[in-house]
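Shared between the two complexes below is chain A, which has chain B as its partner in the first and chain C in the second.
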Partner chain A sequence: MAKRLFSVLTCLVFLFILGVGGAGAVTDGKIVIGHPACLSGKFAKAGEQATGGIKAIVKWVNEVYGGVSVGGKKLKLEYKYYDCESKKESVTSLLERLITVDKVDFTFAPYSSGLTLAGAPIAEKYGVIYMDHGGASDKIFKQGFTYIVQTIGPGSRYHEGTLDMLHKYAPNDKKLALVYEDSEFARAVMDGAREHAKKLGYEIVYEATYPKGVSDLTPLLSALKAKKPDIIIGGGHFVDGQLFNRQLADLDINPKALSLIAAATLPAFYDALGNLAEGVMGPSHWEYGVTYSEKAAKKAGLEWIGPSQDEFVKLFKEAVGKDIIPDYHAAEAGAAVLALVKGIEKAGSLDQDKVRKALGELKFMSFYGTWDIDETGKQVGHSMVDVQWQNGKRVIVWPEDAATGKLVYPMPTFAEKAKGKKALPK
Partner chain B sequence: MVGHQLAGNLIQGLILGAVYGMATMGLSLIFGVLKVVNVGHGAFMMVGAFLALSTFKLLGLPPVLAVPVAFIVGMLLGFIFYRVAIKKLIKGPELSSLLATFAFGIILEEVVKLIYGSEHRGYNWALGKFSLGVTVVPYTKLIAFVGSILVAVLLYVWFNRTKAGKALRSVVEDSEGARVCGINVEWEYALSFAIGLGLTVSSGVLLTLFIPVGINPYMGGHYTLKAFVIAVLGGLESPYGAFFGGLIFGLIENGSYLLFSSFPSLEPFAMTRFFSFVMLLIILLIRPEGLLKTK
Partner chain C sequence: MKAKKYLPFIPVFVAYLALFLIGETVSGIWQLIAMLAFYCALGQAFNLFMGMTGYVDFGYVAFLGVGTYGMAITISKLYSHGLGFGLIAIGFALAIVMSVLLSLAVGAVALRLRGAYFAIATIGVNEGFRYLIEGAKLWNGSEGIIFSGPLRMAFGRQTATVLTTFAADVFVFIIALAAAFITLVYMRGKVGYALTALREDEDAAKVMGINVTKYKIIAFITSAALAGLLGASAWALKLTYVYPPDVFEITYTVEAIIIVLLGGAGTLLGPIVGGLVYGLSKYLLAIILPGFQLLIFAPVIIFIIVTFPEGLVGFVKLKTRGTWLENYIV
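Entry: the complex of A and B
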């Protein structure tokens, strides 16, 4: 009996060593990245973009870059993904499967803060690097996780650039209102905005939240109107952003600048609001047209990796099989692959701890911008860009070194916009 | 200043309340005649919202013209769904018809998603606005307000002044009695289901005149919830009660915001919802037949 028990235990120990040892050893000449992707459900649009971005960069690494250099060998990347249906329970079970059954070398997080946070303990349990490309909440990095590494910028920094820009353009317009959705993400964004606004000397004349799924903001906006703010920063998600803008117009509330998170940078925003969206701004992680290049990297004294912006767009279109321009969801997922490649090369190994340490010391530039993380894995190098709707087009107005146009300030009033006036720089 | 704001909020609440009221009339009519709870109510409103969007964006016509079209589309859907499922389930357990209307809602959502995608859409029909001193009202909202009242009045006239309306009322009061008097009760059931859905789909058009953004296949959910509160408020079986219930709901929703916002630790919007449901609970406890229904 004891002999039998001993052999069973030996087998179990052997299997355990095999299972854990799979990650870290260069065995089969390739590096597999595993991803519970949001291909259906409420994040399907962002998920399609993210998988397209990853596929595009994997192709670039394998075909243009020649593979990942590890210990004198060039290893190809392989991308393995399953549909998580935008559900937390699927994210956790698929991550388990990717790590224990498919034996992937590294993992990628799904889209959104909530889903990223749901998967993080699984990656942590197995000690596998977990690349966060679509979870912006600062809360993720307050849990003490070791293996999570962020590429998307944290929520608390969304409006830093917006406020810096407005402070530069109109230093005397100091009356600021913060009106936002009562959600984890929007609260993180507004906590950061409030703190930065105070540093710049803004006076917060009004602050209010509204719940998810609100269908009429009129009573809140009536109270806001009485405070006559110069600048309004707010929003939360797609639908409330449209409602917010529309009802500001209905009640003739005319701030000199209006910046809305999530909604304002999407084409559907202008499509729904038409001319009423002219001059409205929104922070974005990346926009087609930003001017990050190999030359800019040299100027900043940073190492460059990856395709140029136009090469990325071409690869993305091939990957998704559609003639669409990638948005920031694709760019940040693609940039996360580039960071992982740089981290592996710097570590010279696939060992999780060595790669994690190398990622912590890494700083580089790609088509997505600068990449640098702090000790918790939170992205601190990436700057947001600010986009403004001008004459029906999204124009990058900040930061100045990535801008494709000048800010229109103050934006036209809603009465002017109703008569067809566009936000055009003087 | 506070009085100024309160008056403004109440005016906006009255306008929205009229639209809410009109949107609930169909629900109450269907329950009153067939004792069927239309859980897919919001999805039918969504169909109306998309009809308004298409009228404006694809045909370039004023979205208000979609109201009669929406009524016809709603009636057609009503006759089809009645023939396919409700007719067979009407005598069965209440849960069967409830699940059937839930299924109708899901079918509509998915069909609309197939055609339009899941994007949040909107339109911008600008007619200008007028000032009432305490608040500004766009003419589109005024049209939604007047349109809602007009539909409610038309329904009232049809019910009380026409033979067909009187026949339907007799079915509501006593279906067996009506059958004995030679009224085709089956037809009256089908007709009331169709009119109920016609009203609901039309209300989706009027709703977009108040809120012309955020139009997407899944927008109906929280309107269903509000419609249930309003229906109970107005007496579940009475379409006119529902209309006045809507007015009261709109006034409370907008009016109580100012009260709750004076407490700094409260989230006023969440409190207005809380208040609406507490009120519903109290009404159910002390006057289960509804606030506006005579015993």
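Entry: the complex of A and C
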């Protein structure tokens, strides 16, 4: 009995330490952001980027910007995070700990739509703002949550910019094919693309999905070939995107434009395909090299906040302690901090409802692009950037505010590319 | 004499009650307690089959997965019918039906196999079922079901919040207790004797006239039904969404195995101790060393398993044999 009693007592002591010992994070004079980050598990890579991006911007706000002005005082930001291991059980318990024990002022969602949804009821329960920087599903915002605020563009908008651009460059090429992977995310992109294409007057000549982990797209692409589309958009992940491109070349299907989500924006895509990737496009939330600037903000009549892109990259490298270029996961998490700072300053208070209201009315530009949400908290201001491989380099071709080069349209045919022709603007 | 059989339930009940009360009284740790209760319940339900038969089911998480779908389908389809709390009851019922059906299908094939062959056969179940849902576009396929909104429309904002952040966790406690109680009933009855015999030597048990397949199936179905309920409360009602890759995730099966082995396979108290040790140390390490906790966690697990090969409770059980405590620690 003594032993059992002892073990039960140890557990009790353990629990009380948890409940009481960790408390007392002083929130006077500073604003604390709490984040159940994904530092291990399946989203570890995105999680490292996101925490790096947040740390970089927190440092910028404290050291360059001088703190957040609230009621005549300049408050410093503090970032507190735990590792949720990319698991739903840990998200709920760590998020509650951040809110109740560590008494953070505002919270950040973990990565992915699923984990973001897992934490949302907790944030709602305590009425704390919950910044979604990595959950792209549109459905999150149809559930009636009040305190969730999105910075990443919703999945449905991934290919909107691409279509807008093509519509502008080639208004007469109307035959569009949609070929996506069958996954929650890619389907959301597809639904959004279909809707937007109809609005722009595109004729959808072919539409199909392929399963995850597909190893041969030939049957699908053969059917596609017969429809002779001008434009093909689709994709899902890296491996299938690469396969997609390669088999288009094998079957000598030559659309005038090809845009693949997730795959085409990665450097590894060109490494794997070489010249066959020339002229291929992909949408991205953000890419190193975008040209959003204070000037562009002024031109668009928007307020500007935050570091320039190069400052951000420098701060990011310091924060992660590695010489890596931040990707969009870092940029969107950083931009979410900037939005929060703006929202707090606009509200002039740390009151959750006031800040939430201010965020609803806020519209600004940062190195990440435009930020604006609708009444449900969904991001509607951010437009994706479109990159195109031109002569072995990723060139940002859309939107015009951010572009570093001109679109090459139509892209060279696969036969031309096999002979070494590059996609070069005229 | 009959009552004495159930004495070991007292420490189990006390442990869960203590856990519940701590969560209720100390502010701000309810979600932690909920996570611990989830791990205890997971171990408890898993132990019912693995601990008693010695068979390791690597596809176990699939039962939680279909249970989650049972609740998700019910709420997303029937929310507008004004069923009140009947909606939740139907959800649980459907979760049981679905997990039992799956366990019958799996059990009919896999339970004819033994040892490692059983384990290998079940590994595929989980992945296979996930691909079935995604490939056949069953229940919304890869898009999953998100039903936070429907839940709110059915019960109102206030009640929905209570359901997701409190009631769902209370259900987990109830499931854990039920699993422990059923384990004890089985242990003390004919099923338990048959299973003990087959665990020690399946051929000998057969020769003695025990219908081993029947008893294995009984334990398998019970364990699966409890898993279905657990999925319906801890994953569906609590998180209000389901994506196939999030629920059919083999990590949870591995966690269940670790919990049961840490505490002691085939013991009644084992899953509680295992669940608490596992859940708490993981949580604490995640707070103290975010990002590096698994590096430290792995050696800790190895150390415990090497020092206590029978599990923590198994060790205490051996030590208390012959004393009056033996009636309580099982």
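The rule is simple: the second predicted complex is superposed on the first by the 399 of 426 C-alpha atoms of A that agree within 3 Å, B and C clash if a C-alpha of one lies under 4 Å from a C-alpha of the other, contacts with A are read in each partner's own complex, and residues count from 1 in each chain.
Please note the rule applied: a residue touches a chain if its C-beta (ideal position, glycine included) is under 8 Å from a C-beta of that chain, and two chains touch if they have at least 3 such contacts.
Predicted model only: the values in this text are computed from it and were never measured.
In the superposition on chain A, contact is made by A:S40 with chain C only, not with chain B.
When the two structures are aligned on the shared chain, A:D182 is found in touch with chain B and with chain C.
When the two complexes are overlaid on their common chain A, residue A:E96 makes contact with chain C while staying clear of chain B. Ranked by how many residues of chain A each touches, chain B and chain C are led by C.
Judged by the touch definition given at the top, the superposed model places A:I122 against chain C, while chain B stays out of reach. By the touch criterion defined above, A:N275 lies against chain B but remains apart from chain C after alignment on the C-alpha atoms of chain A. Contact with neither chain B nor chain C is seen for A:V380 once the two complexes are overlaid on the shared chain. Once the two complexes are overlaid on the shared chain, A:F145 sits against chain C while remaining clear of chain B.
In the superposition on chain A, A:A226 makes contact with chain B only, while chain C stays out of contact range. Of the two partner chains placed by the overlay, neither chain B nor chain C lies in contact with A:V205.
Once the two complexes are overlaid on chain A, the chain A residues touched by chain B in the first and by chain C in the second are 182, 211.
Those residues of chain A lying in contact with chain C across their complex are 1, 3-4, 7-8, 11-12, 14-16, 18-20, 22, 37, 39-40, 81-85, 87-90, 92-97, 99-101, 113-114, 117-118, 120-122, 124-125, 137, 139-140, 142-145, 182-184, 187-188, 211-212. Listed in rising order, the residues of chain A touching chain B in the complex are 44-45, 182, 208-211, 213-216, 218-220, 222-223, 226, 238-240, 242-243, 245-246, 250-252, 268, 271-276, 418. Every residue of chain B that touches chain A in the complex is listed here, in rising order: 1, 5, 8-9, 12-13, 16, 118-124, 126, 128-129, 135-136, 138, 141, 210-216, 221-223, 253-254, 257-258, 261, 267-270, 272-273. Those residues of chain C that touch chain A in the shared complex are 11, 15, 18, 22, 26-35, 38-39, 131, 134-135, 141-144, 146, 148-149, 152, 157, 161, 164-165, 234-235, 238-241, 243, 246, 251, 273, 276, 280, 282-284, 286-287, 290-291, 293-294, 316, 319-320, 325, 328-329.
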